[in-house]
Amino acid sequence: MTKLKWGMIGGGEGSQIGPAHRLGAQADGLFEFAAGALDHRPDVGRDYAMRLGIAADRAYGDWQEMLAGERDRDDRIDLVTVATPNATHFEITKSFLEAGFNVLCEKPMTMTVDEGEEIVRIAEKSGKICAVNYCYSAYPMVRQARAMVENGELGQVRLVVTNFSHGHHGDATDADNPRVRWRYDPAMAGISGQFADCGIHALHMASFICQDDVTQLSADFASTISSRVLEDDAMVNFRMSQGTVGRLWTSSVAIGRQHGFDIQVFGETGGLRWASEQPNQLIYTPVGGRTQIIEKGEGGLHDDAMRLSRVAIAHPEGFPLAVANIYCDLADAISGLARPALPNAVDGLRSMAAVSAAVASAKQSGAWLDARPPMFR
Amino acid sequence: MTKLKWGMIGGGEGSQIGPAHRLGAQADGLFEFAAGALDHRPDVGRDYAMRLGIAADRAYGDWQEMLAGERDRDDRIDLVTVATPNATHFEITKSFLEAGFNVLCEKPMTMTVDEGEEIVRIAEKSGKICAVNYCYSAYPMVRQARAMVENGELGQVRLVVTNFSHGHHGDATDADNPRVRWRYDPAMAGISGQFADCGIHALHMASFICQDDVTQLSADFASTISSRVLEDDAMVNFRMSQGTVGRLWTSSVAIGRQHGFDIQVFGETGGLRWASEQPNQLIYTPVGGRTQIIEKGEGGLHDDAMRLSRVAIAHPEGFPLAVANIYCDLADAISGLARPALPNAVDGLRSMAAVSAAVASAKQSGAWLDARPPMFR
Amino acid sequence: MTKLKWGMIGGGEGSQIGPAHRLGAQADGLFEFAAGALDHRPDVGRDYAMRLGIAADRAYGDWQEMLAGERDRDDRIDLVTVATPNATHFEITKSFLEAGFNVLCEKPMTMTVDEGEEIVRIAEKSGKICAVNYCYSAYPMVRQARAMVENGELGQVRLVVTNFSHGHHGDATDADNPRVRWRYDPAMAGISGQFADCGIHALHMASFICQDDVTQLSADFASTISSRVLEDDAMVNFRMSQGTVGRLWTSSVAIGRQHGFDIQVFGETGGLRWASEQPNQLIYTPVGGRTQIIEKGEGGLHDDAMRLSRVAIAHPEGFPLAVANIYCDLADAISGLARPALPNAVDGLRSMAAVSAAVASAKQSGAWLDARPPMFR
Amino acid sequence: MTKLKWGMIGGGEGSQIGPAHRLGAQADGLFEFAAGALDHRPDVGRDYAMRLGIAADRAYGDWQEMLAGERDRDDRIDLVTVATPNATHFEITKSFLEAGFNVLCEKPMTMTVDEGEEIVRIAEKSGKICAVNYCYSAYPMVRQARAMVENGELGQVRLVVTNFSHGHHGDATDADNPRVRWRYDPAMAGISGQFADCGIHALHMASFICQDDVTQLSADFASTISSRVLEDDAMVNFRMSQGTVGRLWTSSVAIGRQHGFDIQVFGETGGLRWASEQPNQLIYTPVGGRTQIIEKGEGGLHDDAMRLSRVAIAHPEGFPLAVANIYCDLADAISGLARPALPNAVDGLRSMAAVSAAVASAKQSGAWLDARPPMFR
């Protein structure tokens, strides 16, 4: 078992996302951390990369240097993770795909729908993997939920209700804190605040579990802290292509909610509930029957739920290992084993189309708008 | 302590609501069950009333007979509860108020906004109590929540999120069951299904805790079981007069949710959560602080929360005693002690106005509409 | 349906227990509060009784006067509740039984095993009901648990684990508070503190659900606040006649536990868990299967669980209605309908025998001792 | 940052423990997997090691070969993990310590108290690290609990109550399954079944959080499935050197409990609760105050709780990362940074002394026995 070679752009010292990706890539011994351009300050990035054990000639000062350095090596990296500020995702992802690298891009994949469509086209043309880090979809019990829906265990899905709400930006006296403020400033965050930051995880999850696409939506946005231009609370009603009704609430001012990401799926013959703070259980109720607790690691789970769990029943596995599961799927996909559940550029594009539609709908008093990317209409 | 005299219309043998009111009225020894017209079949109702201990001359065949019989007695009833089918609430409530009786009406108080306004005017003119049985508002910890908001413990309220969702009508194969079907049939249920049945409890709760009125709303209705004319799932976004943002989801097809009525209130300096399935706790988080569990019966609660609890801390008190709390407040109000938290005809009217606005909004693709009764615009 | 006539001794103004019994007796309209000797101060008691609506000639100054007054009436009370200080339970219960009254005695029924045996003999001889208020046993879902065990749904029971632990006496600076102190003072509380106060509820529950008797036990007592003579924390290991292993922990210094009474029953083919703070659910796991939530009010429950529930599924019913359920069973029993689940004098006696054995065992370093009353050895 | 070199003995293909250690050692990039003797079948072990990326000359056939191969290398491994069957821990650990290696031994460290004392002496003499994998102690919120006790936030600890109970061996029809049976067979498991397997984790946890040693204990063992020689259920009462009272229940027949390891600590001024199925929260109640939820990742936690958490508040971290935390502490300790919380040979020895005392106590009807190793009496 030779390790695959992995590189990262961004994720420098002091970031949260860098360690999460390093752990995700290395936890299962699948990837070797071989190259990096980790900081926007070239010297700082090179130094940090070397301290993390990367060879000096692969400790790059910026992504352009890394692209140039890696593209002609025989032992070029098998995968590059893009963990830079949001506005740079498009250009970097595009460049590496065009140069024939597999890419894992942090969300949001792009800032606009047009850019998203361009990435989809490039990825397709290149034949390379372009994954997007919707890592919650890689929790074992989320995979179980998806398999149960696919397997017809809920019947036709009627209704999906999902929330991603926290209260960590609820303190108005802290609203000028730069770590908070940028998210509500269009100059830095783009056209949407909380919906683009957290809401799209929930929207992706709805599509992921149901294996269906959002077609239309209506949004209500609010800036509950008045100094904010972009929304810190949003409600989005939507419909999926098979008629499923969707409800999505996302907030950053829900004081007392820590990581309030959950999803409920209701079908003809049963209902499911999963919550990110207790990710190792799936709550299932057959119509007319009793609510049951499905435990990660129990006998008889669907394949992906089994495969992506490492320790025995009721030994909890948390967020970092969900990220690691994305890397497990990537390693398989790089090796030619199909991993259709891996979120890809089309997912990244659909998120941008939904953000764009939600922003427009909110401005039009909740008008129902087409949420699909133009290329899929 | 002489007991007050109490009568009931409807709530006959085999109903759920009759025993709940009898228990509520009698649990604390405040009311004596003195008169009744309990069934739409006169003889059946008289017989049942006598079996429940009511004197033969006050066991009436219908409400008209009861009104005639009681109005001229010296020992006339102090309070009448109207627990008949929804479509009759208006006429009965109106008639008893006009004859100078105090009334507790089941919800919905009326079928139309016009009727609601008429009741408000009659109640005001009569000087009598016209209460509406929004009994969830009488749980001790709901009163605690209201008092905390009033006391400024959350600062200005920014956001209210409430759900009343269950899955008991989620079985399409049972959709023709008459006990289920009527709720989705306009001929019997009026203009709205699930929102009028459960949603208005949640909407009342939002206003009750915040002491603020809903001014505008936008609704998305769905009939997820296609044979239904009226909605079995609804999302309502709203605004209150002080700018508070509201989100309300109600469903009867949420398989696995049993009695999913909960509310979250988020203000400038803290957040609260209360859920009807664990009604004896209130979850409170001060901004920047740790989540705390406030227990019914702990020291230092606000007055109403203390007064309306009967047994020591952590001894649970459930739904029937919330109904009994409504009767406690009624007994006090009848005795001349102000109980401003008691839901009244204005609350009943506001619910009808909200239902009317929601139905119209849903038909107009979620247009934002005025949710206030005309008389309060 | 004529109401039965009910009297109470003790439970005067300001007590917690008086209102609980009044609510319990009257909530379902089964009993009329006809007589009382409510306070150790005769005038205070008479006055309070009359304020509660009792006729002047049945508002008694003390229990002797009440016994004399009631015994010769044609309309004598059908049931008397003994809610006086523990040390007086024996004498009052004995006297009323001997005079041919049905009695509901608060726990502990007596202060000694000998007294307990005497009550059992008198009750048997009199043919009257002598119930003891182990009211937790009347929660619907506890009855469901008992029926499931009886029905073989768990197979042979191997193990019972029960706790009754709270932290309300955990503040050493409050240890001299008279409302707390007496419980740890042998002069007032007898031979045992926390075990006799709360532990015997848990021990009764184990026997109640398993329908089996405790035969042997070994105890470890601790006075974790050193000023206390009697134990404030106890662990009791026990065995039942069919070989079931028992574990019982009770504490009053478990700061953070409010009403920590729960029980787990593990058999050959399944396990059950019930907790008094969420009394409307029973958690059930079949061996090799998934954990299920059994809801009060769901279809297909065993008879007693159905009968003793008043409102629909997931509408919580709490402690006061568990007390009311004891009165429901008493009303039936008085009317000649067998209610074998109603806790009786033998249960009261077995508790005293267990307390006596536990105290002795704790003094003998946990020696295993016979826990049965002499008359049942 | 050069990676430390790490080797493992045992943990071959198909084991659960091997992947857990590999993930633990590599997740944070601290150790390089440099050597291994992974299987009792030499060829199988060598092959597997090479497939895991170990160089051929360090892929050993057995531990003796590995010891011989590593001891004279300049680049010898910095740490060896012993993950072999229990009966071999002593000999391997002893041999590597004597040869000057740092060791992480799986629990139980030894099969007897004598062996445990020998390891303690050898470890001390060698000056090398001998850690034992009580990995639950490395959860961030367990470290927080320990720091709170140390910091006096609970006052003097009065009482510790801990459980480690599951139901995975509760199926009598599966009792002959070799994966289950050996645990209850003295020939394979030694003198104790469930207590030695799970109970000692709980006992270690009590000592770990309180920083106090168990001095005396009294045990009640049961084999609830009659074919078992060793206990499958045990209750152990104990005392610690400062007078703290302890209660420990452990079971493998508690059907419905999955991973029921929890601990409650009650002191003069507060109580704490931690449960392994929700390891990212610590529940804290100050005396006389409200219960609070302390979240992993919140501001103001004690140092170890901060240091050993990788992702933001409410992003759960589970069991594998608790193991990784043991390796984090080991890396620091190897580098000369004191990590006093790392469980060591003395902890391993104390566990064996407690097992020995519990077995003897259970045979002597619960006699209270000295639980300390002879060398610490």
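Going by the order they are written in, the chains are A, B, C and D; count residues from 1 in each one.
Quick note on the criterion: a contact is a pair of C-beta atoms (placed from the backbone, for glycine too) under 8 Å apart; a residue touches a chain by one contact, two chains touch by 3 or more.
Since we're looking at a predicted model, the values are computed, not measured.
Colleague: Does C-D or A-C have the larger number of C-beta pairs in contact?
Modeller: Spelling it out, more C-beta pairs touch across C-D than across the other pair.
Colleague: Average the CA atoms of each chain to get its centre, and name the chain whose centre is farthest from that of chain C.
Modeller: A
Colleague: Where the CA atoms of chain A average out and where those of chain C average out, how many Å apart are those spots?
Modeller: 55
Colleague: From the mean C-alpha coordinate of chain C to that of chain D, what's the distance rounded to whole Å?
Modeller: About 42 Å separates the centre of chain C from that of chain D.
Colleague: For chain D, which residues are shared contacts with two or more other chains?
Modeller: In chain D, residues 291, 295 touch at least two other chains, as defined above.
Colleague: Residues of chain B touching chain C in their complex?
Modeller: Counting only chain B, the residues touching chain C are 1-3, 16, 19-20, 22-23, 26-29, 33, 51-53, 166, 168, 258-259, 276-280, 295, 310-321.
Colleague: Chain B touches which residues of chain D in the complex?
Modeller: Listed in rising order, the residues of chain D that touch chain B are 290-295, 298-299.
Colleague: Within their complex, state which residues of chain B touch chain A.
Modeller: Residues in contact with chain A: 158-159, 161, 165, 167, 170-172, 218, 220, 222, 224-225, 233, 235, 237, 245, 247, 249, 251, 253-257, 264, 266-268, 270-273, 283-288, 291, 365-368.
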